Amino acid sequence: MAAGSTFGTIFKLTTFGESHGSAIGGIIDGVPSNFKIDLDKVQFELDRRKPGQSAIVTQRKESDTVQFLSGLFNGKTTGTPIGFVIPNEDQHSSDYDHLKEAYRPSHADYSYDQKYGTRDHRGGGRSSARETACRVVAGAIAKQFLESLGIEFSTYVDQVGHIKLQDPSFFLTDAIESNLVRCPDELTAERMEHLIRDVRKDGDTVGGCVRCMIVNVPAGLGDPVFDKLHAEIGKAMLSINAVKGVEFGSGFASAEMRGSDHNDLFNSDGSTLTNNSGGIQGGISNGMPIEFRVAFKPVATILKPQETINSIGEKVELLGKGRHDACVVPRAVPIVEAMAAMVILDFYLRQKTTVWE
Amino acid sequence: MAAGSTFGTIFKLTTFGESHGSAIGGIIDGVPSNFKIDLDKVQFELDRRKPGQSAIVTQRKESDTVQFLSGLFNGKTTGTPIGFVIPNEDQHSSDYDHLKEAYRPSHADYSYDQKYGTRDHRGGGRSSARETACRVVAGAIAKQFLESLGIEFSTYVDQVGHIKLQDPSFFLTDAIESNLVRCPDELTAERMEHLIRDVRKDGDTVGGCVRCMIVNVPAGLGDPVFDKLHAEIGKAMLSINAVKGVEFGSGFASAEMRGSDHNDLFNSDGSTLTNNSGGIQGGISNGMPIEFRVAFKPVATILKPQETINSIGEKVELLGKGRHDACVVPRAVPIVEAMAAMVILDFYLRQKTTVWE
Amino acid sequence: MAAGSTFGTIFKLTTFGESHGSAIGGIIDGVPSNFKIDLDKVQFELDRRKPGQSAIVTQRKESDTVQFLSGLFNGKTTGTPIGFVIPNEDQHSSDYDHLKEAYRPSHADYSYDQKYGTRDHRGGGRSSARETACRVVAGAIAKQFLESLGIEFSTYVDQVGHIKLQDPSFFLTDAIESNLVRCPDELTAERMEHLIRDVRKDGDTVGGCVRCMIVNVPAGLGDPVFDKLHAEIGKAMLSINAVKGVEFGSGFASAEMRGSDHNDLFNSDGSTLTNNSGGIQGGISNGMPIEFRVAFKPVATILKPQETINSIGEKVELLGKGRHDACVVPRAVPIVEAMAAMVILDFYLRQKTTVWE
Amino acid sequence: MAAGSTFGTIFKLTTFGESHGSAIGGIIDGVPSNFKIDLDKVQFELDRRKPGQSAIVTQRKESDTVQFLSGLFNGKTTGTPIGFVIPNEDQHSSDYDHLKEAYRPSHADYSYDQKYGTRDHRGGGRSSARETACRVVAGAIAKQFLESLGIEFSTYVDQVGHIKLQDPSFFLTDAIESNLVRCPDELTAERMEHLIRDVRKDGDTVGGCVRCMIVNVPAGLGDPVFDKLHAEIGKAMLSINAVKGVEFGSGFASAEMRGSDHNDLFNSDGSTLTNNSGGIQGGISNGMPIEFRVAFKPVATILKPQETINSIGEKVELLGKGRHDACVVPRAVPIVEAMAAMVILDFYLRQKTTVWE
């Protein structure tokens, strides 16, 4: 996997596409045969990610309509690869002309040029967050397999700037989708929305966090050494644009704790009284809810002037243009969920080869 | 890589071994030929990880002497796989007899049994932290390749319980190795050591954090989509026993920041004024120091009695026995460094195939 | 790579698509950046494979026009994945209605049903040879990289039925393309063409062989154990539809030879007097021409009535319909070459990480 | 898998070791848990491969005793990696002193030097056939899993020089092991043995072929595109030292056949009247016996003087020394079987993830 465009071991997604070509797309290989897919649900997840969906996200307009080219017959999976494309619509390449020579601060422009010795300046190439639409397609399919096993997700915004959700818990989709921020607590969501609007008025951006809980994951998924379940979920999260950190269960707070407080004592049925482990012990799911939290930095594109350099090292002034998000976490919710779903399904399939019987 | 005992893409480590068999070991494949390896340096790193090295770590005695079986000729790498074994010495299997039926809280005993349908109760099987000795061997070799390129590591303890190191920076090995805790600030290290001794007297354990800085990494390493450089480092860290979280550069603090504060502005030479990006932008190294921080939970084995269950769900009392660490971070330092070195070298080799010239 | 739709290690092709969906296509990952691709040459290779190209191949009409969606900018590779699609045009699905219930002898219908528990009866699903068009796209790109290094291919038909080409050698493309059979000897080609026409008149089919020589491959490509250069080429060839055997250098004839006759003695410059090794010794190229030969069985679809069974085991008569090839080898030539080119380029890139310097 | 020391996708063998280090060995990952392994059977297979076993093979003496280091507990697999070593005993490195500067004709010496820029001249490094002992260990384990499913192997010599076995069929192990050549027909075996003895008296070597039949393989194993079952078996065979060709079912003879003769017509139960397909259709097993044949060149080391070159291109005379096989096929039988068993088990495990139920 030397070039890094493939994710997964058995259920595998390979993607292609830049934000400013004619289309992006992907191939999902290793999809088990004979399972009925609801394509509307796939589009529903894409709509949760797409630009222009609400007043607090970027106003770029793209319908993000996925077209499936193979792997489905009479509404069911055939076991062969699912190929799909999502045409690019609202490219506005001229929006990027002012970037032809400039490296945008805290974007991938400079590092990308160092890597490839060349760069398509229109929109960040493969570093564009547009690529995550393909992940949402594959994740929405993975989620349907998992739902048929009773596995359910609750993924939501739990922090925007300094505003944090108190008492995280398993919230239903209706609560999460009841507001533009995708924070399931109404008052907190309102405060977050105000903050995002204020920040945008300033031409600035702000960071945030997304939390994910997954219930009914069977015990036994994950491997004990390198491919620990949370190691793969962690990689999945850190591979999403703008993510700076990830923590499981007690997370960074565990560094301050004593073992006698941190240990999750057992009930007779194998469940535990507490869940500091975040549903994973020794890299293997234990049947308790899987819980993790993901930190996103503020979007790098701001509408304030910044001094930067061009490709020959000259100082230039950069005035942010284009239509960007003031805060990325509301649109990141379906991406976090998609990546988590792919990992869980992959390990579920891997587990089928573990015990001889 | 369905069974998860292999790490890396080009420079690849595959490991085997339980803490209570006759030996653990591994195979490193993809080692470039014609490079002189200093085997004493490899043993030095193993000694930094080994039990019994100081008064504040577990008093189990194992010399952890690595034996190389292949891949080296006249002191140089041949380009063929390096096979190695580390014999197990101080097994004390009877220490574990009381565990035959009990699931230890917050260990992998229960989840392991759910996965494999069977379990070697002596010491945790593959979930034992002993397995990390193999990672240290491979990492110590990777580090020598990197050092020949001028790449240097500074890895140290920056938190034990509530005690945190102020002003993290690039510290030299001498400062880090000057005390038992491996915290480069003398006064902070003393306070940490006291805390660890106190906690141990209580029969309890405590968590902590390790910080790693890597300088002189060339710009251009990492891939822009799934295999982002920090995504692979993150997976590497989360695959280490007891790790609950990882963050890069500004990390979780970035969630509270504005873009105008967070963006790393460029100097004329492509370096940046600040390093909130932690040396990685869009998944690709930018030439600035790579910086990350790893959270470890308190060790699950405590010497206080705990109620738990056995494999048929009956309540049993567990009295911790054996010789365990009260705090794992001093011994985790070389493991964190080893895993980071393997990732950096792997991406360095991957990069050799990226540009056609 | 559990589901088998990906080929290669660094230069990697992943494909999707059935013969009767809307399109087939693929993603090529690991393409080095900054290389100028001639897209007309890619289409030229597709035209050599396409149906309807001459009087002696199937008369199905498909233009097989490839559309590139990503990975190219201003005519050069960007280092990011090349996504492409080839629309399906002449599907005639009703041609296959008579097959809905019948398993065609020596096709994949029965084994496919056993594997997936379901089957798209229209044209063989993924088992359709149409999928090889995607290989030709990727191989045509690989070949351009290799040609820039001076590596050249000579791939041609050297047997149809009992008619064999005498004196195989390195023939130029002009000689190979001078006739419909792609056999570089004019008289032999005429006899082969007559045989194919006769067989077709009978409603029957006939097998054949393709030979490939590759010159100027640098010494040192390939690995000494599992991934021997000829092992990967062999897998590549056996993965092409209808292939039943592959041999390198002296091949099956070597079983009758003595070592004193078979050994390739060295000239002073490291070249050898003979080339029984086929350019590969111990799995590693030695700088001599790589030579191998591939056997294709007769096409399974014949226009004579055959007794067969349906999916519930009842005997049914099958009357071959549709437009099929009487002999597959003329169209197989560009596929053999494409697969070989992908393997050579992949090992060329792998070799870049082998020696430390 | 860039460095090529790993074989398999789920059931995976990684090997290390040169013929003249202290040991060779390997790690088998992905072994399903809870299966009882008969270790004597593993040693039995190693004994069939070992040097010195009979009067017609090399008289080097090595006991080839395998030591298992992990992955087994109370005689059963634990699901974790099986690590093993085979100490090297009879190294006689001084036998190779005369080779320090000379490239042996048709060995890997020259190509190996070109690849790695360095070479351990003692016995061929990783190119030594000694490495295949590790394959036999893993294959013997795979075979036990398969036997528990009713799958059986019949692997034997069917050609030495110009002497061929007539009427190949499924022969029992007793018949195969009844003579030193491992050819199940007594008279043919005698003629083969005479030929091998004559060739050896001449200081020469001779080639041969091994045939393998596998019965009771369930239908449905293999993938329809790149990872066809016979493509993986073919790669496995071509990765064995000295193999120059492989053919399945009708093989190279199919090139002369008509489709109407070649097609395997169905019986009502899905079996076929003939088995030109060799048990595999469209890359997927169809439940009929899997049949293939492997060609081995004559051993390159002969005891006659040969002119060759040294590493600076000077002509030198090489007088073969050491203790080598005059014909490799009797000892190749267990290697062919081991590699085939690994492939079949790997695909059996892969198939477990194919259908959703």
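Should a chain be cited, it is by its letter among A, B, C and D, assigned in written order, with residues numbered from 1 in that chain.
The rule is short, and it goes like this: a contact is a pair of C-beta atoms (placed from the backbone, for glycine too) under 8 Å apart; a residue touches a chain by one contact, two chains touch by 3 or more.
Quantities reported herein were computed from a predicted structural model and do not represent experimental measurements.
Of all chains, the one whose mean C-alpha position sits at the greatest distance from that of subunit B is C. Two chain pairs, A-C and A-D, are compared here, and A-C has more C-beta pairs in contact (counted per touch definition above). If you average the CA atoms of subunit C and of subunit D, the two centres end up 26 Å from each other. Once the centre of each chain is set as its mean CA position, subunit A and subunit C turn out to be 39 Å apart.
Mean C-alpha position of subunit A lies 46 Å from that of subunit D. Multi-chain contact residues, meaning those touching two or more other chains, occur in subunit C at positions 1-6, 9-10, 15, 30, 33-34, 79-80, 115-117, 125-126, 224, 350, 353-355. Under the stated contact rule, the graph of chain-to-chain touches is complete, every pair of chains being in contact. Remark: subunit B residues 1-6, 9-10, 12, 14-18, 21-27, 29-31, 33-34, 69-71, 73, 76, 78-83, 85, 115-120, 125-126 touch subunit D in the complex. Contact residues of subunit C toward subunit D in the complex are 1-7, 9-10, 15, 103, 105-108, 110-112, 114-117, 124-127, 131, 159-162, 199, 204-209, 218-228, 230-232, 234-239, 241, 244-252, 254-270, 272, 276-278, 280-287, 295-302, 304, 306-309, 313-315, 350-351, 353-355. Residues of subunit C that touch subunit B in their complex: 2, 10, 30, 32-35, 77, 79-80, 145, 224, 349-350, 352-357.
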